[in-house]
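Two complexes, one shared chain (subunit A), two partners (subunit B, subunit C).
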Partner chain A sequence: MSGTINRRSFLKMMGWGGVGTALSGCDVPTTVTLEEGKEEVVSYLMPEEYVIPGIGVWYASVCTQCAANCGTHGRVREGRVLKLEGNPDSSINNSKICMMGQAGVQGHYNPDRITSPMLRKNGNLVSASWDEAMAAIAQKVTTSSGDKTAWFTGTLSGHQLALLNNHLEAIGSTKHYSHEVINTTVSQAVNTDMFGEAMPRYRIDKAKLILSFGADFLGAWMSPVHFAGEYAKFRTQKQRGMLVQVEPKMTLTGGNADLWIPSRPGTEGLIALGIANSLTTENGVDASKLPESVQALIQQNTVESVAKSTGVSAERIKKIASLLKQKSPSLVIAGSPVEGQSNGYNAVAAIMMLNHLLGNVGQTVESSGEFPYEQLKSKQGNTKDLLAFVEDAKAKNLDAVFFYASNPAYTAPDALDINAALKNIPLKVAITQFPDETTLQADVVLPASSFLEDWGTHIAAYQPEQQVLGMQQPLMEKINKDTKGFGDILLGLLQQVKKDEYGQYADYYAYLRHAFASMPSELKGGATTEDQAWNKALQKGVVSISSDNKSLNDEVAEFALPTPADAGSGQYYLMPSPRLGLWDGRHANLPWLQEAPDQISKVVWDSWAEIHPSTAAKLGIESGNIIKVKSDNGEVALKAILIRGIHPDVISIPLGQGHTEYGRYAKGLGINPLKIVSPSIEAKTGEMAMFATRVSISKTDMKDVIVKLGSSDTQMGRKFVVTVPVEQVKRTEGA
Partner chain B sequence: MSLKNIMENWSDYRKGAEEGGHHKYEHKWALAINLDVCTGCNACSTACYAENNLAWVGKDRFEKGQAMHWLRVERYWDEGDQEFPDQGASFLPMMCQQCNSATCEPVCPVAATYHTPDGLNAQVYNRCIGSRYCSNNCPFRVRYFNFYSYYEEAWASPLNMQLNPDITVRNKGVMEKCTFCIQRLRAAKDKAKMENRKVNDGDVTTACAQACPTSAITFGDSLDENSAVSKLWAKHQVKRGPHKQDKNIKGLRGYRIFEELNVNPSVMYLERIREDV
Partner chain C sequence: MAVNINKILILFSVVFFSVTIFAGEVFPPGGEHEGKNVEQPIEFPHNIHVKDNKINCMYCHTYARRSKVAGIPPTSKCMGCHKIIATDKPRIQKLTEYWEKKQSPKWKKVHDVPDFVHFTHERHLKKFVFDRDFPVENVKEVCAFCHGDVENMTVAHKVKPLNMGWCKSCHEANGGPGDCWKCHK
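For the complex of A and B:
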């Protein structure tokens, strides 16, 4: 306290000798009075506009934690956003949000956020001003850049995407790599051929039976919160819906199945053909409308032959077929373990064909209509673009690349040697919130605002009910003054190359207002003035857009027999499993999600490998043993967990951990299974076959403690969760 | 509470309000959780962290059993030695059951854990001396003790800006637990009082029930016969008082965990349904 004086001692001294004596010889006190104004003291008597001290106000916005783009309400009190909940006006999530959405505030307030622009000088990233950073970009990115300059992003939509495309056009480039590890690209290719629409609506709520081949619709799929809401209706409808899940490793959805069947990766398409065979031969389902080649495939693959080659018993296949026939309408869907094989397209096609055979098209598979604004539509990420990017970079075809909402240095398998590829790019610009693996290799780092500080519009790739445009607005002032919204950064870049056209907008907000004003009046819900329309849209958080009703294609596309090819040697299949929570690793820096136990294994803050007890016994592995998992392209060591919800030929390592950077909460935890993936290709779409890697497993002498929730895996005879058969409920509740 | 009072009215203290016990409730908050639609997704648990200033503790402390998850989602596998779990897993959201005859209450040496007129087991943080008797006595294991000042790490600046100002951040030496989002109840009651009316069903819900993507959790006042939660309890013929339910229709799905211990929980679960294939 030397040289300073606090309030209490000040008062004390006042008592002793009066103000004059007390202050003489002292510095100015650190705690000062309102009159002196040395410290910002804001009186509650004069609150800012709209702020009522102590009262939380909810504002609508959009969640960008995954590409589902749920509508949110954020509670704002005294200028801080405290909690996110779902927006009841959003048809995507109907007032609900998942754990990732809840944890959005932890990304926003994260202590590891980048607070100022950075430039690489003498090999190191050092703080710089926005002017310096933008000047460094302007030097290299000009109107004559052409295809040598590119964008590399995750899934994007809305006016940000429109501006990004305008930027590409302005510099004369066509290169926009869009990359997501968790995607549905292969299914979309199949759907386009099978139904005439890449993302038709799946009406889980209307199905009496869902047969899901690895589609984790309650977890890491297209729109988890929406599907969870439909799932509740599916389970509580008059005739209770039944869920059959066929997959290599139990997902969250599999954990909720009435019947869970393990499948050897790559055999799911054959199982579907076996079911089709039983449907046509034993259940009287008419296959005459199928193309002859498909009919021939179904005839060839008799139940017995399929049972033999897949390991799923003939009895089971027949049972599923008869249930499908009984419980109509049904819904058959396929997910990432099926798509991520070299035969992915054909396997998904064989599975989706069942919907035609069972008459589900138009019942549980509906058209989602056409979103009328092509330039705003979601551009979804895939893995093919990652491959193309690495190839272009290696061939030194890229002079400058902008990275946003994607972290390829983390997600790319070691076999691609992306770090070498990145070194070939003279100017790497990272627009980012966090010091992730890609950002720390960049030459220019532009600090982005969080999704709770930014303006934007979002069109979800999967539109579940009506087509909606989500309105994202800042819920509070920027925490770090020197960050900028993505839209503002895009606008700044555009102003560098097209000042005449974009100079008129002071900021992205002004651009959005201008864009919104030019939208047709029927979208503005009868508002009389432009301000009224805008405020209404912000208050509601969603703008409903009418789209033409379409019907789906009724013709079945041809496909070939889905026989899987192996990627590499090794006896076991590696599943780098996506999970609701850490997702593809982007949420590893949110402590709530690290501490939320994995839904199936219940492990926290770590990586683990799931293997079947019978496999473990064969290899002499016990729970907690450190094992080495080796593919043709690398090796990782981690602890094993024995879980019965997995095919004995499969080893599953969850996605999300193994960050070498990405802030204090993520760095150095666990391992990243993507690193040892062998980049084989799905033949039809050119996607990476992420689930086709073969590995060998060897045991080490080391052991580690498994940190997880719950010490007992069973109820030990106690009645915590009681399970009753559906017949009993029919008697009592008439369900 | 004098000793004389306890001796004379002992049996009343062991009875619920509906059996003429000593409680005079203003509200009796209760939950109904449908385990058939609970998917085990963790949305409720994370929402609870966000609403109630729950500290994350990190791997080492989690290992020692110090996690502060007021609402945790348990996962159980079926017993037996079948090769594969044919019917998936069983998920159980477990939080304080707000017992009417709570075993945690009478053992507190300083009356830091007590029963509110809303029928909740409340914890008075600034009275708690950290004896942990309550936690030891809880059959549900839903009381969480602050062995350390977890907040020092859990809210590294500026994460602290997210803290809910409606409730406290707890320091070491204090027991804490699910409160049925008492700050939300307080706000709803205040608002109703200002408007000179009763609290209506739907005025207030807990963070977990609000978040649940399948709406498996229903919250409300069980003294209000028309509340959704009362209707569910009535439909499944679960009464608050008895330690064994006597149902007209055998096999209705409602049940309370550890009801037989006569703790009289305020949470009714609905049995999970599975179809035998």
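For the complex of A and C:
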């Protein structure tokens, strides 16, 4: 049928000529048809013994869609991986997997994957051979490169990280920038001071009450699949666990809370102090073991004064305090909106202090033990390294940089002017699967295999139970023959500078086998031969590692009053809100995640700004109005959505869209809120305060359709969910 | 009242009896389809294999009893016999050429159902052959329900409609499942 036929004329035509006329002009694709003799069917030449066409075989591996490193089982049929599930043997996700993991196959089969190495010639990236690409690198990167050569990656761990460090050592450099927008760096700094451990175990399943200050543990926080499993236990305890969430914008976790309290960004630390005040003055909690300065902070911040400065009512604060006292053990946690302020450290410290005050340490906050293999431990990304990288590049301190699993050209705010910084680096090598913003500015592009085609070992940064090393194995042959695994690329780079040491390994698999063979025998579960041990580890997908038991620090660290400070002018706070799905934008090229609606606003395939109906009324904004959001560092225009799950002083724009490159599914869709973030600094850790940007909002005359599932937030009086007042139940049921 | 109970009992026993009697009986689907002649890379003679040499269908289509697909036999299986047998025949020489190039012939598909239909050979063989204690050596009679008289064909030829109405009529006649999701899942 020609493309110009509309529905009306189509129906007319159907009326005239019936089905035959309507279909006669259709181009029936010749590859998918039931017609005999059109499709091809090719048998195996010589099948493996265990292969039965039509029946899947499951193999264990590791998911690398986020840094949680869940264990996976992948179903492989006729040489193709079709479906991922959680690995029941992995203590991280206990057989569950999230939608980002499920969508892993879409990255793997993505039509926009880079299929061959590329070199920049006369300003353009052109296809090249691996030899040419590696030669271009060898020319610049030598054993005497020193600190002028650097790596820029996302969170890495395991033997890939060990090899990367060996490469840095071989070229005499110490520079490894590790960057993640969604991180817990500030909390880790606090935890190290408060508990003596950066990532203790949070036992959500053992808590009777969780007080979460913006920690979206069911969505975008550390190890969401594990926490979701613990949350299910928490909710199905004999006495149902209670969840109180205090945050500026409702997250998936906030949406599940029994009590949700909107907070003005930056005031969460004060609210925690107000709660501490109520606990000590009204609920008889003993604060004598706290340092005097902290005791003084608690005394200063009376419930009334906190209520006045934060806008959260005194009753609410008292209510939370009495609930915390009643329901012990509780668990108090803090997430990115609290960390991402210039007072982030102090605010998180005030919040985590509550765990000491309430006696949760050792109960719901446990030590995760000492991981014995330092060189394999996860090196987690942060935003401080992004700032350092931009500074170094601007000062022309970098001659060659390798980029992997990170896209700084997309995640860096415009204020940093990263594109100018990148221009100062003579050799930019991108090891990547997709043509993203950073890759397209690179001088050498090395096509990487997908995580379903690659070997690797992974140590999750957050180890929720028994510490494990995840074994990543290829689930199928490479789709594009010219791609290489990350480990293989690292090995190739090492062979350039240290042939004598690394020349013995034919590939990364050989290196891993060698490394595995040298691991202590207690990790091999009683296997008698090396092959048996290796096969066992692959079959299981995880190697359990016994870690030394530790107990957490019992002393409370001192901290200062978490006074909120603002970045820039403007009446409103900008929340570049992360969510399980597009994450920091890395999954914007996976259509399944684009079409999965935002958990709160239910919008698909787009960017939008969430504002409170009262704010919207004040500014004359209606749902679907295009509004302009302006910070000191830029302006974006996008449609507004009115949502009650947000503080009236906050405007929230979800992360992940607004790619200017990154393939057909991501490019040109929505806007990227990170671009207008003002890069103010968290005072103690040097992290970027990602949630501190002040913006102003102005209305335009334009309006657009909002594409979302579920057009109404209410039941429109249809009583799908019937509610009965407690009093009535008491009266009629006598409860 | 007693009469009623007796009636019900009689009814039950009649139903039970008839089910027991006819459990072994099957009603092959009717319906015809005039299939095209499909040109294959090698004109594979089913008749020589099945009729003249009495090779069981499941000797080559070995996955049928275990999987949703019956499977085109791997080229290694063809060569298992034809390294020695009939090596002077042009078709076998063509096959040997493929084998030596380490390639499988690209056969053209003759029998197919849409991707949204979950058809499984395994269940059908279980019902019509193994559960009935039907002699496996005669399995070609059961295969013929859907694939026709393959023993008299060279290359396979589609002779049954393989559409939903046709599937449904057979399911109704033989007590196959009637839920949508049994096939459309």
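Quick note on the criterion: the second predicted complex is superposed on the first by the 668 of 735 C-alpha atoms of A that agree within 3 Å, B and C clash if a C-alpha of one lies under 4 Å from a C-alpha of the other, contacts with A are read in each partner's own complex, and residues count from 1 in each chain.
Note that in this section contacts are C-beta pairs under 8 Å (C-beta built on N, C-alpha and C of every residue); 3 or more make two chains touch, one makes a residue touch a chain.
If you're wondering where the values come from, they're calculated on a predicted model, not measured in any experiment.
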Touching partner for A:Ile52 - first (subunit B), second (subunit C), both, neither: second
First, second, both or neither for A:Arg731, with subunit B first and subunit C second: first
Partner chain in contact with A:Lys423 - subunit B first, subunit C second, else both or neither: neither
Per-residue touch tally on subunit A - higher for subunit B or for subunit C: B
Touching partner for A:Leu709 - first (subunit B), second (subunit C), both, neither: first
Partner chain(s) touched by A:Lys289 [first = subunit B, second = subunit C, both, neither]: neither
Subunit B versus subunit C as contact partner of A:Ile600, first or second or both or neither: first
Touching partner for A:Lys121 - first (subunit B), second (subunit C), both, neither: neither
Complex interface listing, subunit A residues touching subunit B: 77-78, 80-86, 93, 95-99, 102-103, 105-106, 108-111, 218-219, 224-225, 228-229, 231-232, 235-236, 240, 242, 244-245, 250, 252-262, 319, 323, 479, 580-581, 591-597, 599-600, 602, 604-606, 614, 644-645, 664, 705, 707, 709-710, 712-717, 719-726, 728-729, 731-733, 735
Touching residues (chain side subunit C, partner subunit A) in the complex: 35-36, 38-39, 63, 66-69, 71-76, 99, 102-115, 120, 158, 162
Residue numbers on subunit B that touch subunit A, as the complex places them: 35-37, 39-43, 45-47, 49-51, 56-59, 62-63, 67, 69, 72-79, 82-92, 94, 154, 156-165, 207, 210-216, 249-253, 255, 257, 269, 271-277
Residues of subunit A that touch subunit C when the two form their complex: 32, 34-47, 52-55
